[in-house]
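You will see two complexes here that share chain A, one where it goes with chain B and one where it goes with chain C.
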Partner chain A sequence: MRKVLNWNNMKKIYKKLLISAGIIAVFILIVLSPFHGWARGHVNYITATEDHPLNCFSCHLYNQKTGFIPKLINADYYSPYNLAISGKGDELYIVAEESGELLVADTRKGKVTRKIKVGDKPHSVTCDKNGDFAFVSNQWSDFVSVIDLEKYSVVREIKTGNGPAGLALSPDEKYLYVVNSYSNDVSLINLENGKEWKRFSAGNNPSGIGMNPAKTSLFVTSRRALLAPYGDPVECELTEIEEAGKRIAGRMDIKSVYMLENIEFTPAGDLALIPMIRPKNLIPSIQVEGGFIMTNGITIIEQKENGRTIQLLLDEPNSYYADPFDIAITPDGKRAFVSHAGVDQISAIDLDSLRSFINSHTTEELEYYSNHLGTSCHFVIRRIPTGANPKGMAVSPDGSKLYVAEHLEDRIGVINTGSLETEGSIDLGGPRRITVARKGRRLLNNSKGTFQNQYTCFTCHPEGHEDGLVYNMASKDMGRNLANTQSLRDISETAPYKWNGKNHTIYKQDGLRFSTVLTRNEPFSYEELDALVAYIVTGIPYPPNLVYNRTGELNAMQLRGKALYERTIDKMGNEIPEKQRCITCHPPPYFTNRKFEDVGSLIASDDSMLFDTPHLNNIYASPPYLHHGLALSLEEIWTVYAHKDTHGRVNDLTKIELNELMEYLKSLGDPEFYRDEEKILRAKANPR
Partner chain B sequence: MALFMTLSCGRNEPGPSLLILTEAPGELGSPDYLSGESWRYISGARISKIVPGKPGSPKVLTGDFHSAAFPHISYDGRSMLFSAIENEGEPWQIWEMNLKNGKYRKVISSNDDCTDPSYLPAGRIIFSKRTVNDTVVNAHCVYMCKFDGSSLRQITFSPASYFANCVLKDGRVLSVSTDVLPEKGRTMMMVMRPDGTKGDMMYRIPKGSNVVSRACETKDGKIVFAESANVSSGKKDIISISYNRPLYTRINLTSDLEGDFIFALPLETEKLLVSHRASPKDRYGLFEFDPAHKSLGQPVYSDPDYNIVEVIPAEEYQRPKNLPSEVDPEVKTGLIMCQDINIHGFQSSLDSSTGPKASRIEVLGVDSTFGVLDVEEDGSFYLKVLADKPFRIRNLDDKGQVVDESSSWLWLRPNERRGCVGCHEDPELVPENRIPMAVKKSPVIVPVHITRIDEKSVELE
Partner chain C sequence: MKKNSKTRYIVLLSLLILVVVAAISLPRLFKSEKRALSGESRQSGGIDLSEYPTLESFERAERDDIISSYSDTMPVYGNWKSYTMKDGLPSDKCYTVRIDGDRVLVGTHDGLAVLEKGKWRTYTTEDGLAHNGVVSIDVSALTGDVWLATLGGLNRWSGGKFETFTQFNSGMPNDLVYNVFCYGKDIWVATGGGAGVYDTNKKDWKIFTEMNAPMHEPWTYALTAGDGKVWIAAWGGGVIEYNMQTEQFRDYVDPDGFMEIDLLPDDGLIHDITTATAYSDSILWVSTYFGMSRYDGKNWNGYFDHDSGLAGNFINFVRAEGPVVFVCSDKGLSSFNGKTWITYKKNDEKPDGKALVYRGARVVKEIPLTPSISHNYVIGVDAEDDVLWVATSSGVSRGERIN
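Then we have the complex of A and B:
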């Protein structure tokens, strides 16, 4: 079709030309004094340093979120996340998380042969025994795509709970278990009619699911720890579902762990193995040495009467293996492989040695070893390097090959399970160039910036969000000033950062301070810092709020809550002082005025300070609340920690009205939905 | 007559193009690992350069000096730090030489002996210097300063001599430390950050043995060095430990070979270049060594008049990490937290009924006690200790009886924050994730007779 060069098209072209000319003009001005001095001061302010290169592109090009420029400088990657292999081993089914596709790769030819569009942010894939259908969970679309593997096309979309992730078919393949990672439950789908039949509640942010070889039980892992006041033990739920009765058989609260991403059983069925992180958030964060921040390993559950739950570290005294994600076991039950997404390595475990180790020690001894960095040498036989950010894995049916989704490499690594050497890779055909934001994403997901690779930014900010834990950063004294981890989602316009608002830019937040206090390693180079900031600014959007605000239309309860949120008169007819109105400090689109306030939330262990007003988008997904994380629900913010109207006027509300206010708060989603409201508010504030 | 061979024996494997040697004349004296005499300070020693495979005499680089030893090459391969004395009777000082033109300059001017310099990232160096004062008594402490010798700072404060410094790829300083007090001669490999914080044992030297060389890191994650089986006259061997797990991975690479080895340099080929002599009547010469097969290869260089005591390639190499520092010289104290003093080994953690429980600690200074204090119910303590003062901790029971003998020497740098899992605990043990009761209160000031310290308050975040 011939393109019509009308006035609108001309305007667009002129606009682009003007932008380009503007950039060049600014660049020339910067080189010339006295503008140079101003630019130096400006960059010093933004970066909180005095020697960051004067590179306008770093902020004014790579940090653009919308429009023509981001399209030009960014690239669309596949980002393989999980994968499954056909029964014959001839095809791989690869979930491309970023492009929203299921890629089919021919394992013999070593190349992608099909691309099937599925939903938004697909997470997992599983296939039936005959290889007729593949099922793909779409975490940001709340449905499972059913793909006919003969036609290579989507034949059905099945509605699920919120954030579908891990998948498992029932032994008779009449049902599909879908782990709903955001709504904290598991949907049981009847595949005959494509309807959800049952829903089981699960742990906090459940993720993986695995069935034992006897096909009698399924176990559902959780990423986030169960909500508990700071000081209580960190525990993560492993939910057991009895397959025959299709009911909850039990809930195990696994001590001292979180980020239980996936689970796998040995073929003999004697052990279940789960990658895990053992966080040290209750200990003052005073050093990295000696495993004082994070340790990484596997939880092992003996599958027998009175079977033990054992935790063993895969770390070593001077070397840590951050962010263990997936586990795969060879069909002969000899070897297990754990992908460490944070160090671009896979640990190869000799399972007989592991069995020998746990069988030769008492429960008490193994409890001791759960904190010991010297145990992995007894069963880890090789660390195998991979491409960037290894995630899901699959072993070929004959057990000879391990396929690894190299998430940020756009590649599938192929490892020989006998020699434990990488013998090839399957290129997914993504862009060859690594954009600045992509480089930043790799940095955020890699532990090389942390002393001895102990953890990554991702560890405390999984998927760019937060880990639900409260840390004692011990910035002045130990045991004081707790800090509830904050999300990184779309934070570019929510400065200042940190609860005390001391960092006015992301550059400052992630610069020298970050390395001195957190990573205790060489600071990021300026080039790395530019890339990290570019990714944080442009690459971490909010997931859609599909539970509380699917259509953008508020329900009646939420509308009543919104009225309370925006009210200026209390129920006694008195005008609410401006500072006590919700909307004053939390205006759209980010629901923060970016100012400092005292809302009466200080506790005895806090120094006297004001807090940066937090943004509230997707607030439903960020418990616990307040700077100290002691409010385990939105309601507790007022009922426990501000019952004297110190955090807005709420004491005149009934219980039902408070619930309505909560419902409105839970409906808040991506800031882009509130740009109009922002304009209206501005117009009200400034009628001219 | 000198002997030259190409490295790697003509198998097209890469080798360094220029080697810098520390050569010691005649018989090597009996080394004193506390004072450094005849070990780090070798009278008449010189620094030379040779080109492997190229015939001809080595070129002496330090002809203007009475004695010179232990060079360290800058990351760009262009300069060399070394310790030397210009005229006999003067103290050893730290110098830097431009390897291209041979010009040199004095980096450190001191009345005390200085040795074992190493480059640090960001324009700084470390070295050992003889220090005499009330806290370290008479020992060699590690110091840090800028390239021009300014901003000189002492970074070790225990009564122990630190020699043979090297900088690990992770940015920490590794030194051979020998205690002066409470008894002389207890030796270990200590690792610390370049600001002197987080000092800890890296490698426990077998009883009666001594590390006799600087350590070097290999490409595949090993640390190699020479060790003497007996402090004065035992066989000297090349030892390998793993960086990842240094305490339990010791391998004696040369135990089956005749003769002594006093230094090992990792080569790109995964082989080592070692200083070796077949018998005490020979001089130490350079040989290739294959650690995989534990076999001695071709001689590379030897000189009938000189022992080759150390060798280093003059080439560009990867800069270690430039670690950030929490030290603030305006702060007078550091903070230390221990999670449970009753964790002091494998058995104690498993069996709570074994032996008496400690409920107090005594903090001991060099020549006096800093005080006795109760620990919390969970065994934790939290102390604010005067910075740069060495101390040890011993555990006491309710009656004041000693439960555990005192720990190794500790010190805290100004504003350092540091944690321990227990006392004499298994060094591979990490803390249990629980709040130590002690940090719910303010720290106890040590020495306990001090009730208040006015100092700058630092907020790291």
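Then we have the complex of A and C:
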């Protein structure tokens, strides 16, 4: 058959030729002196080392965010995040986070049979008892897709709060509970009319939801700790909703934990189990070898009157099991499985052994064991390896199989719950090649770079954002200079990095110093560092600001706030000094001039220093604020920590005007919205 | 001479009329007084007490008869039981009371007191209250969350946990929160620095002061909402009506502008210094320190202690439930349905008191109450089903409907 030389084929050939020519040209330039000398210096500056391989592609190819090249070198993966199984066990419903689809897989054939387009960044899926409908939460679209499982098509989209994540149907299946992870609440949807009926406030960054076997209560877990000044114990809220009355029944603050992603009950209903991380942010990070940054395990809540809340680690003395995410329990209540997204493993727990352990110890002893690395051997019966970054899990109705969403493997692992061996996998059909950015994403989500796998970059930067904690970093001045974790979202153009701005590139930030200060392990290899930087630069965008700026059009209040933000004259008619104008230090598109400033925020535990002006995109989603994290709300930046006009001119504003300014700040979203404003500002600054 | 005989005739005629009136009315008066005072006299009155096992049951039956005759559909409350510090309240000074299902929430000068399963429990700043002076309480019908207005901020009390909103950590207008009102997802507050509304979904605040609303000054005392509108009792500014759909304001002020007198009756709001608003059955009730106003959307009516059954003109608070408004004054509690007044007063230095049934300004019946409300300085009230709770400057009282 004659091959048709059409335009598409021609394009491919041209592309290949162009790339080849480019590679040859760059190679020639590199080997030629004096260009080589300049390139060496340039790479040394960027990487803050003297021996990083001279590879122009690392930055100039893999770090491109837009245009033709990124499309060429990157690939579209599925990235399965959560999954559910049909009542008969014949179909798996897999949430493909990256492609925005619900994939239907035939468990007998072991392959994907359907792909249904849903919203942006789908998070969870649940099905009704009859298997008529599936419900998919779309975290970046603020709606739930209702899918007819007979027609395999979306039949309805139900509006929710911001960042819908965990889902649960009421026992009568007339209502759907939707956990809104960004707006910190739970929507109760009336499925008859498809409308939100009421909304309950929940913890900070709520995520999972589970109903007890008696069907009387639902429990909502939270990922982030409750906002509190540095020094107060870390506490994470577990919110209880009374199902019959559909009202809040209780709020349990679980001490010393965060990242409570999901919850599961034993079939007998005697225990609730929640994967957890115990962060040690309040003490200097010098004793990493003693588990003094993160430990990982499960919170167990006894479901009886005066039931205890117990925390047990799944870690071992020389091996940690970072980023526990999901928990699944077999229908016979014998075994529980916890996915450790940071170490690519599943812990299999013998629940009778666990019961025996907690029943044979006093509350005081169990409290002691909550920090003990040597207890998991009493109830963990196997560590089962998986593909990259295991997340959601589902047990087959007969309890014989455990399905694991291998998030960064584009695969569903199938584990025999009897033998505890992996017996196969379901390939989702994603790209075979692993791109540089994908490799970087795997690295960011994996703990192999930290001491004994204690934690991952993801641990403190969940979803590439920040964990809301303030850390006491080990440095030469122990116990000084607290650091509020900063987001990694779209940071490529916001250098320098760190609050003190000492790292001028991401290479420097994540390179050798990172291993010295934080990971206490071998630094990333240069190849790994290239990949990590490529992912950070290209793969962590801002979620859409759907609450405060859905369309990009500002409302009247935000416009008034914008005018205050950009004003040059105060209310007394005096010109505001340039340094005291919001717009001076925080110009679009990133709302940072990337310069150093003192805004009067230094506290006694800080060295005398200037701070890198932080960027403000999606600032509404980043409490607490300021380098020390003491400002628990945007308002407090000015009402508590800059009441002498040290952080811009605000003291002449009324409360109404301050609220308008806050509304404008909350409206700030993706930098791409502000490119035009940036051009206008530049033109004003340089009229020529 | 002619003049003298005419005068004699008038005097004689007057005496005759007096004798006739006395002959008719005196036996009735004696009868009712006796019936109300003692069982012995009742026996002598020829009533068979064997039907009534106790004196109290007889009194109740008698009272029901009287109440049903004189009060139309107006509920009348009796069997009062009062609670003070001796019973477990943190303070006798009670600012507000709210019935929340099986429990009762009382805002006092020294914390929040909760009566549940017969026991009082106190919550203070140590538990997370913004301030111990709790002056207003409302419960969200949607979520069951309790919202507490305090003299140092606003609290959401949900699932046993207090969350605090202040003028520093949020967009709330001012920490001096006088009143809170839940309306769907919105939480409205009246503060010393303006009225505010918190959107619990969007988590942001809007503020209304003299800068952006037709107020005399930012000081607001109370508010209520219904039918898509909010009515703000603005100090010195009358009532500000805010339409939530159009986001437009309308103000109601005293048309005569006099501070001392209401020059023309029923011409509008009786005074610009308003203390509370209540809305129910399409009727807006507005209290002031100089009397009360009623607005049906078309006409205003004014009520004072001298021309109605109002216990006193100095009114702290009003709450409307269905067609009935409960009015908390410095001289007792009044209730009114547009036709009949019932005013509760405690007798000086005694635990007992009375309920006075009025038609207009005329007392048509006086119902003795033993015991009565705990104090005549009434600050808060709440009614649900057949129970009425009253917060006073000296304890809180619970009454049951007796008609």
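Simple rule for what comes next: the second predicted complex is superposed on the first by the 661 of 688 C-alpha atoms of A that agree within 3 Å, B and C clash if a C-alpha of one lies under 4 Å from a C-alpha of the other, contacts with A are read in each partner's own complex, and residues count from 1 in each chain.
Note that contacts are C-beta pairs under 8 Å (C-beta built on N, C-alpha and C of every residue); 3 or more make two chains touch, one makes a residue touch a chain.
Every value quoted in this text rests on a predicted model; they were computed, and no experiment measured them.
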### Query
What is the contact status of A:183 with respect to chain B (first) and chain C (second): first, second, both, or neither?
second
### Task
Examine A:547 and indicate which partner it touches, taking first as chain B and second as chain C; both and neither are also allowed.
second
#### Entry: Residue contacts on chain A - larger count, chain B or chain C
B
### Message
By the touch definition at the top of the document, which applies to A:239: first (chain B), second (chain C), both, or neither?
### Response
second
### Message
Looking at A:374 after the superposition, I want to know if it touches chain B, chain C, both of them or none. Which is it: first, second, both, neither?
### Response
first
### Touching both chain C and chain B, counted on chain A across the two superposed complexes
none
### Task
Would you pull the chain A residues touching chain C in the complex into a rising list?
161, 183-185, 198-201, 237, 239-240, 245, 247-251, 253, 547-548, 557, 632-633, 635-636, 639-640, 654-656, 658-659, 662-663, 666
### Query
What residues on chain A touch chain B, complex-wise?
231, 233-234, 256, 278-284, 286-287, 289-292, 295, 313, 316-319, 364-365, 368, 371-374, 377, 451-452, 472-479, 498, 500, 502, 512-513, 515-517, 520-523, 605
## Note on the structure
Within their complex, chain C touches chain A through residues 142-145, 156, 158-161, 163, 167-171, 173-174, 185, 193-194, 200-207, 209, 211-212
## Note on the structure
In the complex, the residues of chain B that touch chain A are 121, 170-171, 198, 200, 243-248, 321-326, 335, 337, 339, 346, 349-350, 382, 417-419, 421, 426-436, 439-443, 457-461
